[in-house]
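Each chain carries a letter (A, B, C, D, E, F, G and H) given by its place in the written order, and its residues are counted from 1.
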Amino acid sequence: MSLTLRTRRSRVLAGGTLVAALGTAGVLGTVSANAESPRSRPAASAAPAADASGRDTTTTTHLTTAAAIRAAQAALDAAHRAHQNVSVAVVDRDGRTLVTLRGDGAGPQSYESAVKKAYTAVSWNAPTSALVKRLDSAPTLKDIPGTLFLAGGAPVTAKGAPVAAVGVAGAPSGDQDEMFAKAGVAALGR
Amino acid sequence: MSLTLRTRRSRVLAGGTLVAALGTAGVLGTVSANAESPRSRPAASAAPAADASGRDTTTTTHLTTAAAIRAAQAALDAAHRAHQNVSVAVVDRDGRTLVTLRGDGAGPQSYESAVKKAYTAVSWNAPTSALVKRLDSAPTLKDIPGTLFLAGGAPVTAKGAPVAAVGVAGAPSGDQDEMFAKAGVAALGR
Amino acid sequence: MSLTLRTRRSRVLAGGTLVAALGTAGVLGTVSANAESPRSRPAASAAPAADASGRDTTTTTHLTTAAAIRAAQAALDAAHRAHQNVSVAVVDRDGRTLVTLRGDGAGPQSYESAVKKAYTAVSWNAPTSALVKRLDSAPTLKDIPGTLFLAGGAPVTAKGAPVAAVGVAGAPSGDQDEMFAKAGVAALGR
Amino acid sequence: MSLTLRTRRSRVLAGGTLVAALGTAGVLGTVSANAESPRSRPAASAAPAADASGRDTTTTTHLTTAAAIRAAQAALDAAHRAHQNVSVAVVDRDGRTLVTLRGDGAGPQSYESAVKKAYTAVSWNAPTSALVKRLDSAPTLKDIPGTLFLAGGAPVTAKGAPVAAVGVAGAPSGDQDEMFAKAGVAALGR
Amino acid sequence: MSLTLRTRRSRVLAGGTLVAALGTAGVLGTVSANAESPRSRPAASAAPAADASGRDTTTTTHLTTAAAIRAAQAALDAAHRAHQNVSVAVVDRDGRTLVTLRGDGAGPQSYESAVKKAYTAVSWNAPTSALVKRLDSAPTLKDIPGTLFLAGGAPVTAKGAPVAAVGVAGAPSGDQDEMFAKAGVAALGR
Amino acid sequence: MSLTLRTRRSRVLAGGTLVAALGTAGVLGTVSANAESPRSRPAASAAPAADASGRDTTTTTHLTTAAAIRAAQAALDAAHRAHQNVSVAVVDRDGRTLVTLRGDGAGPQSYESAVKKAYTAVSWNAPTSALVKRLDSAPTLKDIPGTLFLAGGAPVTAKGAPVAAVGVAGAPSGDQDEMFAKAGVAALGR
Amino acid sequence: MSLTLRTRRSRVLAGGTLVAALGTAGVLGTVSANAESPRSRPAASAAPAADASGRDTTTTTHLTTAAAIRAAQAALDAAHRAHQNVSVAVVDRDGRTLVTLRGDGAGPQSYESAVKKAYTAVSWNAPTSALVKRLDSAPTLKDIPGTLFLAGGAPVTAKGAPVAAVGVAGAPSGDQDEMFAKAGVAALGR
Amino acid sequence: MSLTLRTRRSRVLAGGTLVAALGTAGVLGTVSANAESPRSRPAASAAPAADASGRDTTTTTHLTTAAAIRAAQAALDAAHRAHQNVSVAVVDRDGRTLVTLRGDGAGPQSYESAVKKAYTAVSWNAPTSALVKRLDSAPTLKDIPGTLFLAGGAPVTAKGAPVAAVGVAGAPSGDQDEMFAKAGVAALGR
């Protein structure tokens, strides 16, 4: 149900930028192989017969970890300014958790709630306060695994498509939680 | 432990290709909003104050669903040619399952095994037959959640970095499973 | 709650077709026994004292993997034609997942939703859009594990009995999801 | 890894036997539709456009519930004759549990152990006592979800292919457990 | 919330019947100790310093496995007579599953539903059809883990206290399921 | 694998003691029926047609809750006397947790470890220190769900049969844990 | 959403009281290091370069295990006086279970219900009977993992902030359960 | 198995600092009560009969969220300087996750591995590289739920007692992971 930002086929990617990326990989290549890192990278001269070609790959846009940390910290700071103890989570467009912060004194239920609110917001690219209202006409939406339909989740978009979401839980009201979540989102893109 | 293909910062992405993507999104915009799709996309004229800017996003390379289906089908076909009943899974670089195929007559244990073999292969960017040998020096590697250290998983790379993996289970030996998995990988990039 | 297609007792099966099946098994018999395939098949001359006789077995009708792939692909194609990003699942009459496809750009919540919609449709042999309405009189039906009462699941029948179901999730509305699921079903039986 | 008994394509099924099956279904058709049984069976005159045709279906051989109960009871009786308290499970070729019996006085660990032993036996079509030995060369086999590599599981075959398995747990030794499991298997096919 | 049948303190038990029980244990004593049965039973002459005395133990009444099998079979037979495919479960007063039967052709959702219906019936010592009505005044009762508030569960009592329950699922209506469950209960105590 | 104390068939129970139990039940009968306690006890004059008769029930011996608390407290006290921070659990003969105590300052891993040690001890009626040694000959015993083969679990017996077990975790060594567990067992039966 | 009692920064802690605590630790230091207790405590003379300084730590107030046991026992006693069979749980301010007591004859559903009621009460620092009413305006609150919105949970406070909660389940009504839970709370602070 | 820092009984806490804490609570008291924050704080004049008194509470030392973020960021920075993609987790002394960071390009297995490494390090107050060696003499230690015995976890201590731990996963070797984890720890206490 989510609009995503598929920018282009990676055939386009096969340009100089990628060579630079390979250059970085080359640096990594100096790392000695060991038990925990069994990267059997083919030698540069080997014919990578099974390498996925351009037409088989696509690129997607993700929030960086650094940005996710910044957003999460901004949400936590906003809550502290309001004298509230909350937990914060940032999930990416694929629903994977990027950052979690369990705030000092936040209730035990807040941690997982924050993750689920963010998951819900990114799944439908909308604040969870808006999504709660949708349950009036489709009440079983809330039975979808991983979701929590409570105010406190706010999507992060890039060019209008969802790339992540911030979830906050622990304040006396979900509306407050969502205000803090939006403060987290607002810390991005500046 | 996985080398990935971070191509460039998305600041570069903010070019014409993205406009095209937005064009597609515009088509989607004609879909009437309803309960299950509460996409509150900002109007084009709205100032997207909280939109994640270029420095906050990155792009990653993924196998397309179409390519994943092709690889999975090729692995299944290879097994059939060898008169083996197997299950096949393709997972992406983030460990998410893209495609699963439960083959006719494959044993019940094969389905989840295939997923875990693929997950293991993409995590370390190596065939699981090679990873099994690493357990000699680091036996607790196999306690990492989601992994299965049995031959039958083969990574898919793009420019040497892992973008996906194919896992196969159900043949009399893991080596056969892996042969089929590699047949799946070989169907890519042509 | 599901009507099934128990065709006949397998006493009937003990005919020539089975001999042919055994012939196929004979081909498999050339595979060398090894650690992962400890098939201790009795020698042909051994008296299979514990072999389940005809009166103890029954046969059931299942969708083939090939057909399940075709149905899933057809559902995905229908979604693409409508410019929607969805995930698709096909489950068999026993609720086991046969095929899953995570579509490019489909929301994270779509994958498991598709599986559960299909599971629900095959359990009651009805489209999930119809099943949602049943919750009016029996609201706790939705508490049955594995189910999701949202439009988007469509049963596959053989002679009126359920043999599988297709589930789709990720479109703006469940009705669209179900239209794609039905397109998947329509690709069968031609 | 399991050899299965795919008898024939169901194209063959489209004969008189199926009509008989439909006759049985017709009896069921007199059941009034209600909330918990939303079987929307098409009228006999309706063109079932989405009905899975013969080439899309296959048949598999399963142990009947009645036979599974008989096998489980026989295993329990054998244990009682040896003054042992055990639990018993019968799983079908797809790993689904058909019957479980928690014996009077059986240890708490016996119930789930019995299920897993049976699951393991049917997955590789071999007694689990034999499978334990395979761990010498492939120790990570035991990491496959759902399995337990302990003596006490015995496969049920039909024409050499696995159709089910009996698992027993709770006796002082796994060898005793397996003796009882085999007594259960021996009760079939007479 | 369950009334139980605590008959007496086991001080009373320390009579001749227990000696007989020990006699049976003596038979078991001939079993050779081995790895899977590390029963370190104290020698008869040893002073069992840590043995729980009478005032520390109590006795509870349980359905025998044999009776549970009989009840489950009777429920399944009743369903067959009504041409319905169902699954059946019997749980004891502690909520532990004693017997499960997956009926031929029963829907995939029926197996776990039967277990949960039985669990619910024994927890409150009432048919689940009656318990459903209680949700009107206490709707969150259904959020208690392990429960399913759908008709089809019937308690088994001994002297008015619950000792077990039979759960049935898979018929077109829960009322039918419960009729079969009660047929199972009726097979007891004759 | 556990020897249990099946004392007698409850036909014997149908004596005066049971009438006393019913008397107690009568007291409970005065509780007004309400939503959370839908006990539909048949009136005394009703013919309890489905009541489980004597031949269908058996009695088992259990540790009382009061005794379990005493044992757990004694184990905790012993640890405190040795200046150790531990968690303690008591499970009954059926593996159900009766009492858990998370000690002040006990490590996070101690709580679940204590439960699993107790579960293991009661399953085989032996101290877990002895069970660890059995893994030499049967290493996969430790794969049985719910078990933990680490010293620190001690069984509670009544007349030589297991009725419960005490588990302790958190001390610097498992041997110390088990010493405390045995101190808990020693508090019983005096 | 929970108000907590963060008393002071631990910079204050770096005084004499802590030295006393270290004295206690010194006693523990006589315990011989072994495999299960790999405490690599730095020698007193070592410079603990990575030791968390005062500004990085905070202190929180917790119920002692001894107090939790007393509260749980008091709740159980109150239930016994009312001739009710219940289970009791005490959780701390972080939602961790401190004590559980499964009462003699308590229904199987009572154990986990007691834990969840306590978890819910401590999360919002209110009796669950009050929290149930909040569902009228925010019905999805009950979808937060770990919670159960049924009367029977009562918070324990220290200076008005929650430090723990007592949960009771098993009585005919939640109001009775909560009365017992409050009796448990009342046993504290005397 | 973990030495903890129980500083003092909270009787000491009942001083002026707590009054300050109440002052903060008073600020919170101005928040209007609503559905999600049903804090029924007793009025200041009410006699808090059930308030936990000093002898019933204790205080524990925890890492602040701010410090945990700093440590996690420092670990991530160290990895970046070494051109490694990793995930980082910080857990507190009770095993609860305080902060998680999924690094750009880190393998999918790294996230949960980081959490488990930190959990293991805080449980035994030692680097996981040291704990791995302990498996030689106590191999089943690694079966304790929540643990992962792989290098990469480093404990955070306050006055020698564990208060938290940092876990890192994703570098080619566990030794590298642990070097980064220790860099995280080193960022504290300055």
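Just so it is clear, a contact is a pair of C-beta atoms (placed from the backbone, for glycine too) under 8 Å apart; a residue touches a chain by one contact, two chains touch by 3 or more.
Which protein is which chain? UniProt says A, B, C, D, E, F, G, H = Heme-binding protein.
Note that the structure is a prediction, hence the values are computed from the model and not measured.
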| item | value |
| --- | --- |
| Other chains in touch with both chain B and chain H | A |
| Angle of rotation relating chain D to chain H [CA atoms, steps of 5 degrees] | 180 |
| Centre distance in Å when chain B and chain E are each reduced to the mean of their C-alpha atoms | 45 |
| Where chain B and chain F are represented by their mean Cα positions, the distance between them in whole Å | 47 |
| Chain C-chain D separation of Cα centroids, rounded to whole Å | 18 |
| Per-residue multi-chain contacts in chain C, two or more chains | 1-3, 6, 24, 28, 34-37, 39, 58, 60, 62, 64, 66, 94, 96, 104, 124, 135, 138, 141, 150, 171-172, 174 |
| All touching chain pairs, where touch follows the definition stated at the start | A-B, A-C, A-G, A-H, B-C, B-D, B-H, C-D, C-E, D-E, D-F, E-F, E-G, F-G, F-H, G-H |
| Of chain F, residues touching chain D in the complex | 1-6, 58, 60, 93-96, 119-120, 122-124, 138, 140-141, 143-147 |
| Of all residues in chain B, those that touch chain C in their complex | 24, 27-28, 31-37, 39, 62, 64-66, 69, 73, 76, 83-84, 96-104, 111, 150, 171-174 |
| For the chain F and chain H complex, residues of the former touching the latter | 85, 104-110, 112-113, 116, 132, 135, 142, 148-150, 169-172, 174 |
| Contacting residues of chain D [partner chain C, same complex] | 1, 3, 5-8, 10, 12-13, 17-18, 20-22, 24-25, 28, 34-42, 48-53, 55-64, 66-67, 70, 94, 96, 124-127, 130-131, 134-138, 141, 154, 156-161, 163-164, 182, 185-186, 188-190 |
